[in-house]
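Sending over a structure as structure tokens; questions will come in a sec.
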Amino acid sequence: MRLQHLTWQEVETYLRQRTDIIVPIGSTEQHGPNGLVGTDAICPETVAWEVGERYGVLVAPTQSLGMAQHHLAFPGTISLRPSTLIAVLRDTLLSLSRHGFTHVFFLNGHGGNIATLSAAFAEVYAERSLLDGDVRRGELNLTNNNWFAGPRVRKLAESLYGDAEGTHATASEVALSWFARPDAVKQVEMSPRLAPQGSAQCDAEEFRRRFPDGRMGSDPSLASIEHGRRFFEASVDDVWEAYRAFTGRE
Amino acid sequence: MRLQHLTWQEVETYLRQRTDIIVPIGSTEQHGPNGLVGTDAICPETVAWEVGERYGVLVAPTQSLGMAQHHLAFPGTISLRPSTLIAVLRDTLLSLSRHGFTHVFFLNGHGGNIATLSAAFAEVYAERSLLDGDVRRGELNLTNNNWFAGPRVRKLAESLYGDAEGTHATASEVALSWFARPDAVKQVEMSPRLAPQGSAQCDAEEFRRRFPDGRMGSDPSLASIEHGRRFFEASVDDVWEAYRAFTGRE
Amino acid sequence: MRLQHLTWQEVETYLRQRTDIIVPIGSTEQHGPNGLVGTDAICPETVAWEVGERYGVLVAPTQSLGMAQHHLAFPGTISLRPSTLIAVLRDTLLSLSRHGFTHVFFLNGHGGNIATLSAAFAEVYAERSLLDGDVRRGELNLTNNNWFAGPRVRKLAESLYGDAEGTHATASEVALSWFARPDAVKQVEMSPRLAPQGSAQCDAEEFRRRFPDGRMGSDPSLASIEHGRRFFEASVDDVWEAYRAFTGRE
Amino acid sequence: MRLQHLTWQEVETYLRQRTDIIVPIGSTEQHGPNGLVGTDAICPETVAWEVGERYGVLVAPTQSLGMAQHHLAFPGTISLRPSTLIAVLRDTLLSLSRHGFTHVFFLNGHGGNIATLSAAFAEVYAERSLLDGDVRRGELNLTNNNWFAGPRVRKLAESLYGDAEGTHATASEVALSWFARPDAVKQVEMSPRLAPQGSAQCDAEEFRRRFPDGRMGSDPSLASIEHGRRFFEASVDDVWEAYRAFTGRE
Amino acid sequence: MRLQHLTWQEVETYLRQRTDIIVPIGSTEQHGPNGLVGTDAICPETVAWEVGERYGVLVAPTQSLGMAQHHLAFPGTISLRPSTLIAVLRDTLLSLSRHGFTHVFFLNGHGGNIATLSAAFAEVYAERSLLDGDVRRGELNLTNNNWFAGPRVRKLAESLYGDAEGTHATASEVALSWFARPDAVKQVEMSPRLAPQGSAQCDAEEFRRRFPDGRMGSDPSLASIEHGRRFFEASVDDVWEAYRAFTGRE
Amino acid sequence: MRLQHLTWQEVETYLRQRTDIIVPIGSTEQHGPNGLVGTDAICPETVAWEVGERYGVLVAPTQSLGMAQHHLAFPGTISLRPSTLIAVLRDTLLSLSRHGFTHVFFLNGHGGNIATLSAAFAEVYAERSLLDGDVRRGELNLTNNNWFAGPRVRKLAESLYGDAEGTHATASEVALSWFARPDAVKQVEMSPRLAPQGSAQCDAEEFRRRFPDGRMGSDPSLASIEHGRRFFEASVDDVWEAYRAFTGRE
């Protein structure tokens, strides 16, 4: 159930029964020679929509822009500063909380978002916590789940790619995005086959020096649509398990 | 051509030939009893993707959250504050400008975004203009186009609905969103048939008092998928005409 | 009645009877070869003071700095960024609202302020709207009125200048400012007689390239003090009509 | 010479000869039973305009809103937060600096502005200082001068009022504002004759508890227009002396 | 070598030889019935000073306030919002970078700081990365090291406390702080012996409900000064190892 | 009594008896050829801790970073922008106020902090004052005391150094810091003996041009540890006197 496809009365009805929601969040950034600029948004969005359909959970619009500053030396990357992303998440959470949502589950597709998501949660909580103790707002539970870090997904990536999975423009995320967008599959030779490894804690110019074609430690030419289908199934199960734990629902 | 579906090398190739891009921008807000919460994002996105396909223009990810504060008393609305939206647009424009994009065409689906879009453009320009005259950055041309205000769209709405078009949750936008999402069509009786008219310049509680079911002056029960198809064609032509005038391309 | 000329007890007395106020807002920016840098503040201030005197309405101090980034390549221009102007307007509105003012009518002299004024209103409303529905503040009605766009003013400018009115450093605003400041009249030959037309959506350096002497489409050498007197009378009537409609008072 | 009354070409001519400017800054706040809400803006503006006329110095538009939070429990007060005033002053200074102004002399009428003015100067300088040492902008000298603290003004106030001068809604500022606005003179009995003394370092509600009619330690019923004339002359001489010391001009 | 104890010439001399620095960062927050409010600052500061002495590394002043919003329902806690801490770290890093420091190693004592530290690094890098590629600033390498997560420290805590170590007000940090501040040792009975476990992702009121005496899963009554001495030695070795890896120095 | 050395329960006990606290605040900035970078933090911290011990007053962690932009051209200086320091002080004060502290006494060691401290107090008060009058928070009294400006300290400096005291890197502050850190005493010849005098209202590059070795008007080679001991005693008495006046306690 996508929030975008409901009327406000349908949302009202939903809220009478349950107050949890999934917010997919990704990034718009280079993913190497055969990965799509939209990979990090497409992957969690695809999984979130399926979880929403299968289990009747509401899914908010995807936050397609994330914190991708280190990729800005590659054309196509669009990055928010952390402070901007914090403001976006704050307004989103205040909006949802106003309507009575009590459990917001971010399904994230980009490692670079994790710290800012956590800082944004703290920013929202801090506004409450700095008030006197007798000023209260409604219950608000927040969590972030990274689709790429789920146990089934990790196990599958290990079995399919081993060390060639890498840490950016990974074989697994390329596979899942191809499953979601089969018309956008690119066949590109990787050179070197395995990209260099290293830290992404640097600015954009330095990142491009360290990782000339954008990949970090991966060989995404191993990816396939069929692999993507298997990651899709693994991730839906991972996410649903985490979601139930977070919301306490069956 | 959707930016999300390209690799960074494909974007690089595009930029060698042309430096213009469309950014769809909408909102996530109530649209009355039969309109979708996602109407304002779905409409410009649908038109933008078609223009992109037909004419080979790059289309950035849709900014699905807009300035919708006045709708926050209806469940499902998610609003950014103007200051947050300005920050998002600023970072987006700095990112695009860094890569060499010189013409950014926002295709907008929400009247409530217009002022903030214009303020955001000025914020970006002001950062440049406050610097000494000899500090220069690259060319940056910005425009906002509202799909719902194009000449063909206006004429069609007038001929189909006359005064029943209204100004929020309009018959035309409901029709176009249904064309884009036929599975989400809702058949709802409107009561009263024509919603009250008035100003939306107020806060959320007051807005709901003025417009109890969320519509402003419209009877969107007149909408149909077939109408939506005609709005789609009209808008694609409107937008392409405006786009050529903006970019100076054929 | 100018707020600056009252004691706080006199303001208190006023507020017991009515809760509306006019805030003149302008800009400090070049206005071509014979227009004053203060034109955009002087014009609405002059009209507002007269409306205040004739009809007993309170007038706040003029906001003389506006959003004028595109004029910064001409000496004398002082511009606020949109984000700064939003903060100024927010604090002004919170101050007025705290005292019980319920209707704030901005009388604006600068086209470049319009979007930011609207964004500022939304920023103030959004702070309220993002709170839970049961937290309420007092009534707050806001509007912006552009003196130069009133029906009597438009008609008079058309009859006096036709196409030579232009869109910046217009003949009508130069005339009104001269009526208000007869000692500051400048007699300057225009070359070319009609300035070029175009869009002001650009940064300061580009604006100066497009409009070398600062005028946009106008021939302000047609202006005269006597014309200014007629614009003054036309505008007072335009504004008073709009003011009554806004406040619902006679 | 008021900036508002010049064309940009006249400003350009001025800048070829000298690069100094006066910026009057005040506040819009209660000034007790017989003092005007505009006192703090009217006083420095009146003195600045005279200095400008006598000595050919350019005077920018008056910043009429200042940091007046402690007066907000009295109707008519409009206050900017310090952070907002810092942003206004920053943009003003960047604008002036861009045009080549090197000496900006704020003539201030409100004690509550002093700290924020100083913080704003530091904010502007800090932006430069945090850059690498080899990035340079033009010369920028800033100072704040409080008209009410000039030596001639202090001496005159002491001789006329002694302890009844007080520290807010003082006899001297009421006198000067009456000289500037003789039509706005109010004859009000003070009760008690001398207002209580104390600290203004508190919020608005507490300030009103401490100072019930808004005065701090003063008896402004001693003021007269004739006194105001003498304060005017004293202040013009004080300011001109300070101005010459600041700019190094004769 | 503490930065606070050098003259600027001594810093200049240091910078000619090496350009790395340690910045201790902690928090001021409740640490249960026998833990000090300053625990999170005292621990990394103590280790940093020792590393500085032993190995001739410069140590900046300790940032004693961190992101501790969840502890604000316990008296004594002082928290910065994430956005404030990001601003502090940004200014600190710009200051250090201006002087030529190229490697900044944060030694952190508080889990709640980790996300905000990472977001702050990204904020600093993003300012660079959003600029055009040909605008460059100096090299800037950043890392965060959590003293409590070093391998020797983890092993020692496991051997001494096993499951009673917990995750806040842990036995190990209490021990180290006691070693650093033997006069401040508190003997308090814990009830229950093991504190409840759970998530700290919530606001302050909720945190106190979940963790009534402030501990999370720990029994810090097991701590002793002698244990603290062993943690101190273990941590100095952990940190020095990490520091060498980060700076590439021996 | 240092806040860092208490448990939260001990703070709770303190708050049942009294609600006042000292916050030492300094700066990290060059202090000339023989002054420590940490001088401005070390001095007030040393005095505050002694006052805390002698009289049982709680002392918060020292804010070691202040507003030192003008010193940034000297290695070792770390400066916050005024806007950042305002945010830090705001969060600190909201935290303390939440716990019930009603009197916060800043003990300041740096002249450059004074304006920003005052602006920060006003920022905190303004947030309250802009709310409707019937929204109230708890009592909050704030003051700033500069240790170097106390009457006993001023008299002692005058008697020991006369004009050689200067205004930055003063003999008195160097003496006090040496008393606090005897191991860090530096014996350096001053050349010229008396540093130049002038204004510090400028950016960092200009400051270094004006004051080549960082001193302003001082000869700190006159300082000694024994002098420092006398400044320490004088300051403790000055501060305690001011503290009693502020809190109304004996």
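We just call them A, B, C, D, E and F in the order they show up, numbering each chain from 1.
As a convention for this text, a contact is a pair of C-beta atoms (placed from the backbone, for glycine too) under 8 Å apart; a residue touches a chain by one contact, two chains touch by 3 or more.
None of these values were measured; they are calculated from a predicted model.
Colleague: Tell me, which chains sit next to both chain C and chain F?
Modeller: A, D
Colleague: Can you check whether chain A and chain F touch via the same residue numbers (shared by over half) or via different ones?
Modeller: Looking at both copies, the contact residues mostly diverge.
Colleague: Of the pairs A-E, C-F or E-F, which has an interface that repeats that of C-D (more than half of the contact pairs shared)?
Modeller: E-F
Colleague: Taking each chain's centre as the mean of its CA atoms, how far is chain A from chain B in angstrom?
Modeller: 24
Colleague: Calculate how many whole Å lie between the centre of chain B and the centre of chain E, each centre taken as the average of the chain's C-alpha atoms.
Modeller: Centre-to-centre distance between chain B and chain E: 46 Å.
Colleague: Can you list the residues of chain D that touch 2 or more other chains?
Modeller: Residue numbers touching two or more other chains: 72, 79, 81, 83, 91, 95, 98, 130, 133.
Colleague: Dump the list of chain pairs that touch, please.
Modeller: A-B, A-C, A-E, A-F, B-C, B-D, B-E, C-D, C-F, D-E, D-F, E-F
Colleague: Which of the residues in chain F come into contact with chain A in the complex?
Modeller: Listed in rising order, the residues of chain F that touch chain A are 91, 94-95, 97-98, 137-138.
Colleague: Where on chain F does chain D make contact in their complex?
Modeller: So the residues of chain F in touch with chain D come to 67, 69-70, 72-73, 79, 81-83, 86, 112, 114-123, 125-130, 133, 136, 139-143, 201-206.
Colleague: Provide the residue numbers of chain D that touch chain C in the complex, in ascending order.
Modeller: Residue list for chain D touching chain C: 2-9, 11-12, 15, 28, 30-38, 41-42, 60-65, 72, 74-81, 83-84, 87-88, 90-92, 95-96, 98-100, 181, 183-184, 186, 188, 214.
Colleague: In their complex, what parts of chain B are in touch with chain D?
Modeller: 130-133
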